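Multiple structures are listed underneath, in structure tokens.
Both complexes below contain subunit A, partnered by subunit B and then by subunit C.
Showing the complex of A and B:
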């Protein structure tokens, strides 16, 4: 380190930091020479703890790995268990799962909009986004009994059927949110301030994105139509029509626009699912969890979470507990190599901007 | 379609490899450790340019660690799982960093949690843990409950410390 460089600690106690995460920056003036991501503040060793609990006891663990969007975590774990135990899921449960996953994607994207708008100082938009997220949490509370952590998706289906009148409530919510889109656009997405602050910030090329393991909107923002819901459809995604929005520039502006377009697609998916929702059972009985041995084997399953590819490598040795669980979380790649790469040469005032536009969630990195 | 083609080529080039293609969109390849990096290089040359993850499994009864490389392609649903086993006593392996750049972070994680050294990886510094001097925590012989008991029951309660 030369004498002109200065070491600067960004987080975990920093106004621009979203969550328990820190970055050590070497700066020269206002320019970042080198950045080192420093995770570990939320490392609870979930993957190891899951080896001590049986297949069903692990559900309250997996959802805690992503606070903002716990349902995709439950989904990927349930899918892996179903694959190893060869359970098939009733049609109605698959549709309900899709509705829940898309609602939680909406909630997560709204949370992301809150963080980004808040960072830019556009507090009105931030409060709108947070309010709509809260309406989704109300729906979750009615359906599953919990607002943030749900423990609703289980191997073989979902825990309970939709309550009476739930479909109408979801529709009313979607209509309210849809009616608000022009105002969101006027105040935020088409705002000159947003354009000036986000255009060209945190730019990544297509080759680098692939090389460094980017997924989700980081890949879609460089023009690649990569979406696991299309490539390897799970739940009821094969039966609904939707587009995969992309942008070309690979900067923060493109990423946030991809998120905006994705929210519209999510709303459309939910409406289609509500329309097509078949009748029938919502779960298939599974054996007593304490006596449930799953045949030896391994499986890699993946879902498209709101942040990108969420994968799970699950190994069973034939016992009633997992032998090894390894989550491939999107933030692990976005938050360490890609963030370090994008921060090099950036301005100090853009650190929060780049980090939020990559959608980094600290508990997903640490696990 | 692509899967069949690549499977045939691997069978010719790596005759020792055990290939399991029963599952849809998945190809599981078990290969000896000396050839694993060459197989990764071959896959990359055939367009599988995306390293999704590296997982490690501790098979303590066999005395081995299993490294599982998940390889893919952006516009192809096929996922290739390259599995290789190394001895638990000599926990060393070659780094895949020259083939896939993002292997660096995964290897750093495995180095910390399982204690495997990756030759050629320049930055195997701690990732999550701080001042750790026990055996690597994700190994099967590390007992989390014993660790918690020893670490936290040694801390006196408020009443005791008065």
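Showing the complex of A and C:
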């Protein structure tokens, strides 16, 4: 480091930092010369802890790796166990899972809008987004009994059937949110303030994005139609129609617009699922958790979480506990190599902007 | 939803000002509150009356937040521990796995979630519910959010509760194949087929290993261990565990009264684990030679002490087995031609085939037990002589003498005693079966003779006509539920709540039936047998054969008067301590003459008496050589 450079700690207490995460910056004037992501504040060793808990005890654990969108974590774990143990999940459960996953994607995207708008000082939009997220949490509470950690999608299906009148409540919510879209657009997505602040910020080229392992809206913002729901459909995604929105520019502005368009698609998926929802069981009973041995083998499964491709590599040695668990989390790619790359040469005032536009959730990095 | 086109503007955001005049969606907590949803996962509730203390909640908790705490005020009963779960809310993650594993469904979550307290240790909490804790569970109108804590909660505020469709245990039992009634009534072939390997594994998988059954089993068999070994496909280990407490598993695997299954925690809301069939599966599927090899490992060095056992029933055989394992020289004196006592001569072959009994006895004999058959003590050999030859004597002669109702005409021709008939059927003797039979009694023996006679009637007349009548009301009958069901399927007509009055005769002096009156109650206020009847409610049952099966009595005629004087006998049963010790130091007793009423109690008695005898002789024993 030359003498003109200054080392600057950004986070975890910095006001522009979302989550327990920090970056060590080398700055020269206002320009960042070098950025080193500094994760680990949330490291609780989940992958190791899971090796000491049986197949059923693990499913309330996985959701804790992503506070904002726990359901995709539960889903990926359930899918891996179902693949290893060869469990057929009832169809109704698959539809309910899809509804839950999309509601949770909506909640997560609204949370992202809150974070971004809040950071830009557009507090009205931030409050709106948070309020609508809270309505989704109300729905979750009604269905699962928990607002943040749902512990609902379990190996074999889901833990409880839809309560009475739940479908109507979801529809009413979607209508209310839909009616609010023009105002969101006016106040945020089409707001010149937002445009000026986000356009051209954190720009990544298509080649770099692919090379650094970007997925989700980071990849879709450079024009690639990459979505696990289309490539390897799981749950009931094969039975619903939806588009994969993309943008070309690869900057923060494009990424937020991809998120906006995805929310509309999610709403449409939920409506289709509610319409097609079959009758029947929602849970295929798994064996006694204390004696449930899963045949030796390994499985890699992946889902499209609200942040990108979420994968799980699960190994069983034939016992009642996993032998090895490894999560491929999108935030790891976005929060370390891509963030470091994008911060290089950026202005200090854009650090929060770039980081939030990448949609990093710290516990996903520190699993 | 509309996809609004992209039009950047600095003016349109001003539109949001209109929201200033809208009603806010937020509310002023805590002056305004919002109730949690009906499925909310809040603080725990536990119904202490339903809770069995099985500890499955503590085992499943992924965060080790649950500890089982002994509650001194609760009196433990067999199958119900006095332990209750305690939750550490510093660790609990409200995942509700404990709710979904709880077999009786006593543990639930409520919709309360606010806890205000200055003390950090107030997070550790022993959940109860409004049923027994009226102080801390207040009526909704008395509830105040400013006091909200684990000690100030709303009554009847259940949230996430157990649902049998979503439990983590399987409430449904693996069905065991049984011959259909129309087929089994035609022969004495064993009616139960037993589990296949796959079925046994599936059934063994259901066991939660909470061990409530082990406390209830009179022999305290290591049930969860041997079931786990079956699940692990390790029959050797399973049989080793079984033989630790029960040397007659082939018998018990078929006809045990399975007290264990009534205690099984899954049985509270589902079907209990089929412990009996699993035991049978383990023992039946391991070669006899292999079993002998397993148990011979436990045989200790031979001792120069001799123990005599009178009676080769379950208690005698059990004592003989454990004594010979300890190295004692054991001789059993048996009056009948074959060993086994009531197991051979009382239980019909369709429930317990002779091959299974012979196999168990063969394994016991291979331990060095000598059985002197056709030797009735008091007739073929004097009790005094046995005493002189032995260092200790264990008597387990059971209840061989049938009891009679003593009603008018019961001693005439065509009236029989169930045990006599069962013995004849078991020994292969032909008996004269009536076309219409009336059986008096509602216990297992009544059903044994009833169902045996049904088979003989089927053979001779091609149809079954048997009426079974007993004092007990339906639902209170002493026989096992499955006996009642299977007997009914085979054509037995059951008339409960009737008291026999007299035997009816036709003009030729032959039996034509039994007259009964309605039985109102069996025991008086002091709990003594004293039936009250309604003489006006009369019913006659047709039958040219009447069989009494109302119980048996002991026969102590082989004991000398001095010995009988020294023994304490209460209502026909010898009083002993838990190790089978009588008032006479060298004399031990067990089985029906001490406890009753079933095989597994007798086996447990035999085992404990063996320990008692070892305590008595152990200090005086010397090794051979």
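By our rule, the second predicted complex is superposed on the first by the 367 of 367 C-alpha atoms of A that agree within 3 Å, B and C clash if a C-alpha of one lies under 4 Å from a C-alpha of the other, contacts with A are read in each partner's own complex, and residues count from 1 in each chain.
The rule we apply is simple: a contact is a pair of C-beta atoms (placed from the backbone, for glycine too) under 8 Å apart; a residue touches a chain by one contact, two chains touch by 3 or more.
In this text, all values refer to a predicted model and were calculated from it rather than measured experimentally.
Of the two partner chains placed by the overlay, only subunit C lies in contact with A:163; subunit B stays clear of it. In the superposed pair of complexes, A:291 makes contact with subunit C only, with no contact to subunit B. In the superposition on chain A, contact is made by A:58 with subunit C only, not with subunit B. Contact with subunit B, but none with subunit C, is seen for A:309 once the two complexes are overlaid on the shared chain.
Counting the residues of subunit A that each partner touches, subunit B and subunit C differ, and the larger count belongs to C. When the two complexes are overlaid on their common chain A, residue A:9 makes contact with neither subunit B nor subunit C. Of the two partner chains, subunit B is the only one that A:336 touches; subunit C does not reach it. Shared-chain residue A:300: touches subunit B; no touch with subunit C. Note for the complex: subunit C touches subunit A at residues 1-4, 6-10, 12-13, 15-16, 19, 25-26, 36-41, 59-62, 93-97, 100-101, 109, 159-160, 163, 165-170, 204-209, 228, 231.
Partner subunit A is touched in their complex by these residues of subunit B: 23, 25-26, 49-53, 55-58, 68, 70, 74-77, 79, 81, 100-102, 104-105, 126-130, 137-138, 142, 144-145.
The touching residues of subunit A, when paired with subunit B in their complex, are 39-40, 43, 45, 47-49, 52, 210-213, 219, 224-226, 231-232, 298-300, 302, 309, 311, 313, 315, 323-324, 326, 328, 332-333, 336-337, 366. Within the complex formed with subunit C, the subunit A residues making contact are 53, 56-58, 60-61, 64, 124, 131, 138, 141-146, 149, 151, 159-160, 163, 178, 181-183, 185-193, 195, 257, 261, 264, 267-268, 281, 283, 285-292.
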